[in-house]
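Note that the chains are named A, B, C and D in the order they appear, and that numbering of residues resets to 1 at the start of each chain.
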Amino acid sequence: MITIAVQPEPFSLDAAVAPLEALGGGAVASFVGLVRADDGLDELTLEHYPGMTETALRGIAEEASTRWSLLGATIVHRVGPMRPGERIVLAAACASHRADALAACAFMIDRLKTDAPFWKSETRGSRRNWVAARESDEAAAKRWSL
Amino acid sequence: MVTILYFAWVRELVGIDAERLEPPATNTTLGELADWLAERSEHHRAALSDRGNLRAAVDQRFASWDTALAGAKEIAFFPPVTGG
Amino acid sequence: MITIAVQPEPFSLDAAVAPLEALGGGAVASFVGLVRADDGLDELTLEHYPGMTETALRGIAEEASTRWSLLGATIVHRVGPMRPGERIVLAAACASHRADALAACAFMIDRLKTDAPFWKSETRGSRRNWVAARESDEAAAKRWSL
Amino acid sequence: MVTILYFAWVRELVGIDAERLEPPATNTTLGELADWLAERSEHHRAALSDRGNLRAAVDQRFASWDTALAGAKEIAFFPPVTGG
């Protein structure tokens, strides 16, 4: 069972993982990325490529389901403006064995950083700048290459 | 006709988020299309000339500059992604 | 910040991770273990060693905080009777970098399986049996040995 | 006096969850104490004789059978743990 959501609204962790927990797998691993208040950040804005985003996220969740024995995988990604402390993204996996759920969750968030069309811009006071991609994210995603 | 989309600072530099164009048939690869687009205006040139910091998708799939464009309907240019 | 709870009551994931999310770390990884409905299970009962349990869980969270760069770690473990589908345990870690949060979360749940005094018994109809320890859990815990 | 605690099926086999005892001074290790306790009743023997399937803690810390008991106040016997 793969669930993908791209939405401006905040999400509840309990609500987002409830369908995974109902699959009877016994193990649910999840990762939540939040807006950090780095250097006086006022607002983070996520732009994305509607249509391609959903396809890319679904592809990441499907690849996770191929590589590990999963009962389900869920990715929720917010778009639009967010404040420090707000959740940006959730990657969650349900499996019968915890190792599968944990590895799939790590895989999905690593891949999401490099393989999904999102762009962050930061606002501090009247200044706004686009966040640069990080080589460490490329390296983290590459370690999953077969 | 092909739909060209721009995102993030590429969009801001070009000044528009989309345009519908008929590229010449000599543009057979994504890289050739980017070169042709860069000629359209100073804004296009500023956005599309630094190929090392530019990424693209053909019909909503990430693509390299040597990707063939035959039959492509939607082509997007954007910076390296920074989601998650 | 280390938070340990051993309680008969169910817990909310949102409520349990809220203090971790408030630490400004940007990355929160969590693992939830649930009661599986294996072979017609009616009820799972968790017995524990009051006093030692809390000490053992705190020790696991403290070791995670030593091994990875964490802002906080939380372990919540239920005791008493539970039904299939209910949450048994939560291990969660907050860090500035997702790799630290994910590794610490995996470490805590692996260690918890072998290093905390809990015992499971299963009820099916009128039959009740104690769950045997699994060698795979020993192996999973040992992979973290320095 | 030492408090002896039993958990899970060890508790069920012994038939009680705790007892306060004064073990002889010759019991210097956890293993010797287990041997001495096993002599107290058939129930104790059934619970404590299969050492391979038995674990223990001294003053709320997991301990091996050769752990010295000097000064110990609380000793617990139980099966291998199955939490999480």
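Following the convention adopted for this analysis, contacts are C-beta pairs under 8 Å (C-beta built on N, C-alpha and C of every residue); 3 or more make two chains touch, one makes a residue touch a chain.
Here the structure is a predicted model, which means the values were calculated and not measured.
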| item | value |
| --- | --- |
| Set of chains whose contacts include both chain B and chain A | none |
| Chain C-chain D separation of Cα centroids, rounded to whole Å | 26 |
| Separation of chain B from chain C, taking each centre as the mean of its C-alpha atoms, in whole Å | 48 |
| Inter-centroid spacing, chain D versus chain B (mean Cα positions, whole Å) | 73 |
| For chain D, residues that touch 2 or more chains besides their own | none |
| In chain A, residues with contacts to at least two other chains | 33, 109 |
| Which pairs of chains touch, using the document's own definition | A-B, A-C, C-D |
| Residues of chain C that touch chain A when the two form their complex | 12-14, 17, 21-22, 24-37, 84-85, 87, 96, 98-99, 101-102, 105-106, 109-110, 140 |
| Residues of chain C that touch chain D when the two form their complex | 33, 46-49, 51-52, 55, 77, 88-89, 109, 112-121, 130-134, 137 |
| Residues of chain B that touch chain A when the two form their complex | 5, 7-9, 57, 60-62, 76, 78-84 |
